[in-house]
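A, B, C, D and E label the chains in the order they appear, each numbered from 1.
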Amino acid sequence: MVITPIHYIIVPLIAAFAIPLISKIHKELYRIVPGIVMFYNIIISFVLMKEVNEVGYISEIIAGWEAPWGINLIITPFSGFLVSLISVLGFLIWLYQYRFKKVIDVGEIKSYGIMQMLMITGAIGIIITGDIFNLFVFMEIVAITAVSLTSFYRGRDGAEAGFKYLLIGSFASAMVLLAILILYTQVGTLNMAEISERMHLVPQGIKATILILFIVGFGIEAELFPLNGWAPDAYSQAPGPTSAAFAGIVVKAGIYGLIRIIFTLFDIDGAFDFLIIAGLVTMIIAEFSAVKQTNLKRMLAYSSIGQMGLVLIAFGIGTKEAVFAALFLMFNHAIIKSLLFMTGSILMYNSKDKTILSIHGIAKKLPYVSILFAIGSFAIVGLPPFSGFWSKLYILTAAANKEMILLIIAILAVSIVEIVYYFRVVSKLYFAEDTEHIEIFKPSINSLIAMGVLAITIIVIGVYPDLITGYLHNAADMLLDKTSYIKFVLNNNVQIQ
Amino acid sequence: MKKVLVIILLVIIGYFLAETFINIPFGENRIGDINLEKPTAAGYYLSNTTEKSKVANVITAIVVNYRGLDTLGEVTVLFLATTGIASILYRRKEEEENAETERLSLPSSNIVRSGARVLFPTIALLGIYVFIHGHLTPGGGFQGGTIVATGFLLMLISYKGFNTNHNRMVWIESLAGLSFIFLGIWGLISDNTFLGNIPEVGKLNSLISGGLIPLIYIAVGFKVAVELTGILDILLKIKPKK
Amino acid sequence: MEDLGLKIFGAILTTILGFVVGMTYGGIVRKLTARVQNRYGPPFYQNFLDLLKLQFKKTNIAHGFMGHMAPVWIIIAAVTVLMFIPILNGHLWFPNLSFHGDLIFLLYMMVFGSLGMALGAGQTGNPNSAIGVTRGLSQMVGYEIPFVLSLVALMIQYKTTSVQDLTQIQHETGVWLAVANPFAFLAALMASLGMFRYSPFDIVGAPAELASGPVSEFGGKYLGTMMSGGAIFSFIKLTLYVHLFLGGAGNPEKTGIIAILIGLGILLIKTFILYMVPVFYGWINPRYRTEQAIRYFWGWPTALGIIGVLWAVY
Amino acid sequence: MNIFFLIILIFFSGAILSFIINKIAPKFSGITTFITIAVVVFLFFTQIEINSITQFSLGGIQMQFGVNNYTYIFAILVLGLSLLASLYSIKYMQNNDRLGYFYSNFILTVTGMLGIIFSRDFISFFIFWEIMTWSSYLIVLYNGKHSSKSGMKYMIFSAIGAYAMLTAIVSIKGSYGTFIISDAIQQGAFNFSENIYIPIMLLIGFAVKAALMPLHVWAPNAYSKSPMSFTSIFSGAMSKMGILGMGLVLASVYSQTTNDNTFSVLVLKQVLGWLGGITAVMATIYALIQTDAKKLLAYSSVAQLGYIIVGLSTGTKLGVMAALFLAVIHAVFKGALFMVAGAVEKQVGTTDMTKISGLIRKMPFTFFTALVSIIALAGIPPLGGFVGKWMLYEALITESNNYFLVIVIFFSSTAAFLYSYRFLFGLFLGQEEKETEHVKEAPVTMIIPMVILALILIVTGAYPGILFEPIAHGMHYLGFSDVNWDMSVLVNVWGEESNMAYINLSIGVVFVVVFLFLTIKGYKGTKNVGTKDISTSGEIPTENENLTFQLDFFKPFERAAAPLYKRSMDKIWNDLGNALEAIFDFTRRIYTGNGQTYALFVIIFLVILLIFKNTLFTN
Amino acid sequence: MQEEFNEIFLKYHEIITLGVYGTAIGLMLIGLYAILTKKNLVKIVIGLSIFDAGIHLLFVGIGYVKGGTAPIFSPGYENAGNRMVDPVPQALVLTAIVIGFAVTAVALSLVIRLYKHHNTAKIDQIKSLKW
């Protein structure tokens, strides 16, 4: 049977619906099945990536109705790249959380796997769908799973973080819904390609309103300032694997939505300047707030927000190389921040009062985790020879080619702040006197494997970035020319035999 | 102070919304002629549904077939809501024992109880009717499922002792969801596109028509009914301590 | 070949000359000071007697390697510097090596001796020595500043850094640099007060307080050698001043014995007058504390030196 | 395989290897390091021919490796010093824990420095620069938590410098479209008439590593906190990487000076020169009030770097030559001195000069090294230090006519005598402590490198020409034509000369005569007595009281120079840091935990966008 | 019957427009006001659903076509395709409603937990996570 994009959606759903039944057969199944699904996702992704690099686009139409009428799933090099990234991360996160020892009392472990899996499915759906309302539906899937995962720990704060997330998240869905509504009245269709084809018919004022609603809606998912109030709480309260998934997967989906809207649907130039401004403000405020955090995961959350701001800046510059740099940065941030969250949550488990202060010299007890964390933080602040350096370099080069010296200086100044707080933690990890800990929770071997894979990727890409730059250049070019996208979707949407 | 600020903000938002919608006249026909070469989406649906997928109710056709993926997602959202609530309000065994588990409910009078006992089957029947005839008459899986769930709600609030069989509900839920997907996969196998329809069987406006659409909608109905009931059940079980 | 012999002869002669003159001046000053303080005082050749006594005394204590090396270093510094400054305007009897080094070299070479002395004094383990050394070094930082300022002034005024050329210029133009650049001269003069370490700048040795400071642990041959080195140093300083500012002495062209004697006579007169300046100043001034001394040197002398430099530039 | 890649590969594998070996047999970790560096040294001096270029591309960026005459100077310096230091650290680091960590970072640092020397394009330059920075940062942290603060300071300032450099680099790419250094110079990237800020940014970047005022704050702590065997490289070689860059930039700035921008270049010269001078003075006067020998040496390193920068700032033949000469010599004697401090620390356990004294009889070789290096440091003839100082003064007086700067320099180098004496006296002279009776001379593998360095100093004192030759070639590469040099005669533009040969001759003659005289005369009767055998105004101190004078050593000077001690750069930077902390603390308070406020933020954001929609979102 | 309705519609077109849009926008604003000012969590959730209700009403509203019938080809309406209201918004609003329901349910469960832990439902007293 041919592998097509729809597998991304149906296989997890089958698993999700079946898990309650099969877990009656054997108790372990509800842990294992998601892993199998994730692995299958990786297979799909690689098959499709190969195909995309030959064909250029892959489209699948649902229920046999052609593009403007029915819903269709489209894989461009851009989305294909993101999707494979997400699938691999998803599998690694599953590997990391498999046999996760219960440190804090949690909710129904049975439903954890399902929700994690469906959150990833939703993210993938956001990326591969070609229909804007369908995108909204997947966004909702992500939102609900994210909320319930955030409040998965039965401690007091989980629910609070979850509620904040839900409150702001429902704003997001409402805005997007409203935007879709107005858009539909103007262009009378929901297919993205057709929308962007007819966008020139929309009067300027209404167009701007729609764009603003979209920006607010997706900006909430993409952690734009000041829409990101939920993010630090959610990141810091969610279980470790979930925080990793947030940083690596959910945010990417949000950014993708924003970028897809601005680059493909609309033809408004002012949006790019707006992206730069918003990204700059987001980055500065987030990184500043990160410095004085005491909870490690919260600090990581702020830093992740800051990185997203950098990504938005890069997209806002808007040239080919800038978009390329942004993609590279998204890739780096996905792997690095996931690694940091994985290691960081283990460190947090082992600190008495859940603060950075009480992990003095834990490196003696947890050598591997600590060194992985150190690698992660070196990479995220962009020190060579780790992969973070290249993305930063490319972004700066892109900015320099547009003579944006002040922007460069701002970015670099902020990265100094980044260095400050990351290296504070690293030096605490290693070079403080060893305080006695509550019983050390050592990560199981599969978690170590998952983290190790990420670390090795970081180093390998850092030493030899040419491994992925090819893909990324291709993706950036495809993202930037939307006419071919429209033409492909609307005219020659052949089914894949 | 805060209220004033909020009101000002809301006034501004209201102004801009009004400004937007003034340009969208109410009741204007944006569908255009449905028999054009390339009509709008709505026009296409209106013109082709009866021939191509033999379903009288265009909305059903759209919900289940044209935009079937949305519906699948929708069902998933409901499913996730159930799971999420289950895990959010999860209580372990020992807690189950020592927390008093009887449902929070008013001491309902005799009349209510007997009335409920009479009404429940009829409500359930109505709901089932609604989602079986989803492709002919207004309504469908979601609406029918909701009606059934209201029946259960009635029972739940009027009978302290009324307990839904959790195990059975899980079975129904999973099977319904799976059947939805597998009906879709049938399409994938038969004419190579997920949720692809096989409209040949039956004639328009008869119960047996529209190919897979009614079946899917029935599955959806069962699923929705069970899920809503489950949600109500969980929410009602909780007794916040004073 | 005989040229080389002459050179060696001249070198030895220079050394002896410097030694004798230095010792004698020291004796004379002791005598005069005693008179001023209304004592009888030792004869002017007393220093020679002391030296002889020290050299013939049997030394039976040595304070290790550096203690042994300290006198050596002092002599090294003294003689080397002596070799590199011109006597009698670099008369061909006494040209020594004065064409091969310049002022900056001299400045640094002079420190060499005091560093050796300091290290030697340090090893003896006598706290007084160390205290004396620190005071001496601090004071040095004080008086080097105006001194160097004046030298720099000369250098840039005449676009040369070699003592030889400076004396040559004075000899040809007949204008003393003390006249050509009075401020630099004054600065150097005031700096010299510190250099000679007479009262009020004698806190380094501080008689009756530190038991004569750095050298307090040395006796016998060591002290003797140090004394002779010190004597040569005082001669060196005087001669340097004379040749830098006061037009030098003698005439390098005239090679007759008479000319040399005349030149020597002029040299002695000038040096003696110059030598009296710090001595007189010392008679009429009480002792300064180290920081006072340093502040003194960083006050007017430095200001004069700066004026001198500006004078030289414009 | 290409020799450059081979060397880098050897280094990296050596780093990993020494890390692994430490797990198996900690003893051999250091030896592995030594062997790795030795192999690289061999390869470098046998295989590499100068001015050969290797092209390659990484991450879509053209890169070049190669060694030219200029960088060759620094290559000698780095390789030689790190070889000796690695030999030294075998014993020095013995039975410490986390040796693998130390040695792998040690090798990585050397890799960074050699990579900087290799790279002829900005990107690889920057990459190796950063590798050098973070590996050295990790070593600064090595000594535990009391060093983490200074490590943080070091990292922050390095980051400031590195990012200033990066800004310049990317803007070179933006304006001239190349990352290759030579192309950028040819296209006039460093031409003041075209753009003023690229060279300035680069200079700032390098100035941090070269510990130039006011970016020098990190240096004293970082130097004194890290293990001595590394500090000898850290202060000796790594600071010279900053000098390397500054020399390159300044030389091309000066050579591209055209008439319309002479003024700005003049300003640059003056500013740099005075910054260097002030650095020298301040560092010196802070050095002489230290009581910890390591701290003292650290401050003096900063001061010496100040001299070097002054030399560079003149931009004249003699000045640049002096700067490069001083750079090499400083590497030698400061490396030696830090090794001395390390040896004392290893044998005695502390380098606090108020606790130690009179080690001269216990550790003669160490003392010899210390003596020679100190003489060189103080610039006293006849050793190499004097040569550098002489050239510096001559350059300032005769060529760049910067007279008052001369005074400043001279003041600081006179004050340098004070701390030089402080160092020697505090550690080696004075009465012997009771605690240090058991102390022995350092092991031989620590002695050898120190003595080798001392001998180098003596030889270069007599024949500075040995160093002049490569320096002259390097300067030729920098664009200073016909640099004339002699084996042992120093000549300035006015023709005056200082003949080191004659100087050494006279010194030698007198030395022999007097030494023999003193030694032979009454040799039999003389007996060496202990340092307790003294007459402090008549009375003999008892055995267990120590009269060594160590506290408030230069109090009079402090009192006299009190105004200079008033304001220190550290305070200013600290105030800045506190202000920033306040800002950070404010920004995070935006996130009030109240969900409703967040919702309000969303609405406000929406409203603002709606109000400005026609200005913000237009085609 | 249909015709009469059309006449009425044409006569009071503005008022009807105002009625439909005004009601919808008014609902949205009321919901927002509740979300932004009410302290009680339950009231906030109610505000959310009011807000959603407003949007859903807009959906249905924009779907209406003058004199259109329900988009069902039931017997007698086989070829009324051109007189039918826009079916798409109705389909969409169905989905939207269900999603809104799910969100509300999750929100309520969260409220229950918060109340259990904090013994209060005041949002400004639930601030254990901040800064």
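The rule is short, and it goes like this: a contact is a pair of C-beta atoms (placed from the backbone, for glycine too) under 8 Å apart; a residue touches a chain by one contact, two chains touch by 3 or more.
From a predicted model like this one, the values you see are computed outputs, not experimental measurements.
Going by the contact rule set out at the top, which chains touch both chain B and chain C?
D
Considering only mean CA positions as chain centres, point out the chain farthest from chain C.
B
Go through C-D and B-D and name the pair with more C-beta contacts between its chains.
If we tally the C-beta pairs in contact for C-D and B-D, the bigger total goes to C-D.
In whole angstrom, how far does the Cα centroid of chain A sit from the Cα centroid of chain D?
The separation of the two C-alpha centroids amounts to 45 Å.
On a C-alpha centroid basis, what's the spacing between chain A and chain E, in Å?
One centre to the other, that is 31 Å.
Centre to centre, by mean C-alpha position, how many angstrom separate chain D and chain E?
Comparing mean C-alpha positions, chain E is 71 Å from chain D.
Where in chain A do residues touch two or more other chains at once?
133, 137, 140, 144, 147-148, 151, 159-160, 162-164, 167, 185, 190, 205, 209, 232-233, 289
Tell me, which residues of chain E touch at least two other chains?
In chain E, 32, 35-36, 44, 58, 62, 88, 92, 95, 99, 102-103, 106, 110, 113, 126, 128-129, 131 touch at least two other chains.
Please list all residues of chain D that touch 2 or more other chains.
588, 591, 593, 595-596, 599-600, 603-604, 606, 610
According to the definition of touch, which chains form touching pairs?
Once each pair is checked, the touching ones are A-B, A-D, A-E, B-D, B-E, C-D, D-E.
Okay, in this complex, where on chain C does chain D touch?
Those in contact with chain D are residues 58-66, 68, 71-72, 75-76, 79-80, 83-84, 97, 100-102, 104-105, 108-109, 111-112, 115, 118-119, 122-128, 130-131, 133-135, 137-138, 140-142, 144-145, 148-149, 152, 155-156, 159-162, 165, 211, 216-217, 220-222, 225, 289-291, 294-295, 298, 306, 309, 313.
Would you tell me which residues of chain D are touching chain C in their complex?
The contact residues of chain D facing chain C are 358, 360-361, 364, 371, 375, 378-381, 386, 389-390, 393-394, 397-398, 401, 403-404, 406-407, 410-411, 414-415, 417-418, 420-421, 424-425, 429-432, 492, 494, 496-499, 502-503, 506-507, 510-511, 514-515, 518-519, 521-522, 525-529, 531-537, 547-549, 553-554, 556-557, 559-561.
List the residues on chain B that touch chain D in their complex, please.
2, 5-6, 9-10, 12-13, 16
Which residues of chain D touch chain E once you look at their complex with the stated criterion?
Spelled out, the residues of chain D in touch with chain E are 588-589, 591-596, 599-600, 603.
Mind pulling up the chain A residues that touch chain B in the complex?
Result: residues 6, 9-10, 13-14, 16-18, 20-21, 60-65, 68-71, 105, 107-108, 111-112, 114-115, 118, 125, 129, 131, 133-134, 137-138, 140-141, 144-145, 147-148, 151-152, 154, 159, 162, 182, 185-186, 188-191, 203, 205-206, 209, 495, 497 of chain A touch chain B.
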